[in-house]
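Read through the structure below, which is laid out as structure tokens, and then see the notes.
So that you can tell them apart, the chains are marked A, B, C and D in the order they are listed, and the count of residues begins at 1 in each.
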């Protein structure tokens, strides 16, 4: 594999489609949100993107098979609304500087073929946790931006960098005559953060004028909460244990001296 | 984006133009000086340079929009003198070795198209601060060098390396049959240094035989001074605080033992 | 050398050949197993693969000559069975991300020319040592997988990454319409581990339906055991010595105070 | 500059020329030896090699000018012997893996154009200093090797890596149907080591059947010796000073406690 390739799986005609991208990144916000949408809408596989800029390993599947790291495009036919959707999520982002630009470019060229005019990218925005994490938005298009603000996203302060594919797709969109919007869910970013993803999903539904059952993401949030509690308990026990050990050591020292 | 591209914004004819480059680098000297000139002369946008060798993020603008990292060429029509000017400044330098050579080459090829025969690059020269930082000069052309020395720049000691675009443009100029000069303002380099930039601007005016109002750069110098004082105060307070804390701790220890 | 090249040494027709790859990696399992097979079957040189993605040094040979780092394809004509074999082992894997994909691709293209439809790659699987290290298997093909499981390999848990050429060949095989299997010998991985390689050889004989004398690999295992014992002894002596030194130091301190 | 370029300075016909390469490396042995030969024989400039794989800076020359990093080919017409000589030395080696292979390839292609059939590379061989550092030799050609051994070089133990251009030229020579020899002067390698270079020059004269005045290199050895002595003295003084300081501190501590 000498360069990025996209292998088409299905041939479909799509109605003024919108591309929604969420690759692994801060708090896995983009990936969690995009995968959830893909499942809820039963989106169908459209194409796979492979690249020599991805890490050089394969992953073992559940059936004892393996898969090359890749990104998956899938599509959803929107029977009631104006826009079909194309989703993009995957295993990894490109690992080198030039690779990042190359993969982002390949994604947009592929979307162009399907007539995509609007790109929405999803990522995380590093911030200490609050009860209800907000969704930060930036856009290359003021109409699109207003829509997101109406859907209760907040505008990003200026000067912020948006790193990786979620950012580059916005930066490169104008070269392909597309408009683009980026939704960033506030997250501490250390662990996969379905709560941040839920916030993004809410804004996204407002923008896309679709309705999605959010009970599944609530379950993911519960699971994530339990994992964090378990981790906190382990940390606490370790600390208590360390404290005891130290006391014992100190007592020993006292006896010796 | 698979390679460096230059997107032209305006079509103009320029009179024997000189290219003046100042990208981010040591003490931001080049960028500060070039941006100041661009503003003072109300230079107009000419072209944007994008490159897959720049960092892979986008920056949020003030209106909630984003921009891909790039360099901006702008031009100034010189009504009284012999040379129109092209300025080049921007967000970043290339991030890889091969990228540095590639971007420098693209810059010169673009300048060539406009008939540029002389290139002036600006950067910082690491040196402990003095009241009046000097401007160090090197050139591929002895006539150009004399002009700079007459304008009170001082010659660089031999053996010095000039790193990055400011250096490579000089090195590559001869392949494009251009002559080139580099002005380096002495700076400690830790923080943006408008004082070093002011020194360069003075020499530059001498070389280019133009007059520029320097009151704006004086204001920047005042602002930078205040920032440094504020940082020093913070550092001092921290130290005082740390000292007190230590004393309290030591007293505690004394009581225990 | 601007790109990966394969220099053919022999021209042969091969009967439905299987490619067996074992390059340097974890515990050197792949390289040890593949080299042992090559020697035991007196495989003949077929081609050399050179690449600008290999480390930039040459190795001194025994006769005072040097060799560029490379991988060697060799072949074995199977007089009694259905499949001739092509072996691939060598000095190094590619050193960059893009290089890994490029070299793996070149290997498969070469194999394709000889009509290879099945690829078997060999590597190490990091695990604390047991008396009888197991062999972990994954495959792109369920029939091939069953064969390996019948030959007493165990299925890999899902989610595992297989890093480097051994993994990428599996991931890329489907693009060349090949099926592939990877055998990973359990190893601690710190030192060349012929015991892990022996396990792999046993499974491999089951899959390929060939018989190989394993007395040579047993000798290698003995040698490796002795090396480890010697290293343990050295470590022990060092510790004893350090302990003594510390005691002496402490006594000195006692006398002084 | 998008790729390695060689700019020819002179057009000459050379008699069965031998290429002698010595770029910066361990102990600067190759560069010192090659530059010394170039000067002694008053070799004339032949061509310059520039590459985007060299570090991205320029160096200030003595006249206040700058130069792009490059390698210089020069030639010497041998009036009495059978072989003219081409020398190659320069500012730097390539900085990336692929760059190393690319530059080595470009060097050999250029040499090929002049009919070079024999390449001699020079480098350092890390070894603790002895009074008379030996010269280690490897070659792709047994006749050439014997010549070097007769000239009192010693054969390299097998398994040694020869890193960088000096090694790669040997490894790549066979692809260009050339034979090659590498001479490595034993050196500690921390500082430029003219003594190691002198050893190489002696062997080289034997192989090439030429005579060179070595008084100049003896002066360089003297200079290097003095530098080392000065550095030792500085280190000693520092140690003495540190010892005194420590004593004073300890006395203070004694008074306090």
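Simple rule for what comes next: a contact is a pair of C-beta atoms (placed from the backbone, for glycine too) under 8 Å apart; a residue touches a chain by one contact, two chains touch by 3 or more.
These figures come from a predicted structure and were not determined experimentally.
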item	value
Given subunit A and subunit C, the chains that contact each of them	none
Shortest chain-hopping distance from subunit B out to subunit C	2
Fitted rotation between subunit A and its twin subunit B in degrees, CA, nearest 5	90
Identity of the chain that, by mean CA position, is farthest from subunit A	D
Chain copies touching (subunit B, subunit D) - same or different residues, decided at half shared	different
Distance between chain centroids, defined by C-alpha means - subunit C, subunit D (Å)	37
Computed distance of Cα centres, subunit D from subunit A, in Å	52
Residue numbers of subunit A (touch at least two other chains)	none
Contact pairs between chains, per stated definition	A-B, A-C, B-D, C-D
Residue ranges of subunit C touching subunit D (in the complex, touch as defined)	1-2, 52-69, 95-96, 99
Subunit B residues touching subunit D - in the complex, by the definition given at the top	97-98, 100-102, 104-105, 137-140, 142, 145, 155-164, 167-168, 170-172, 175, 182
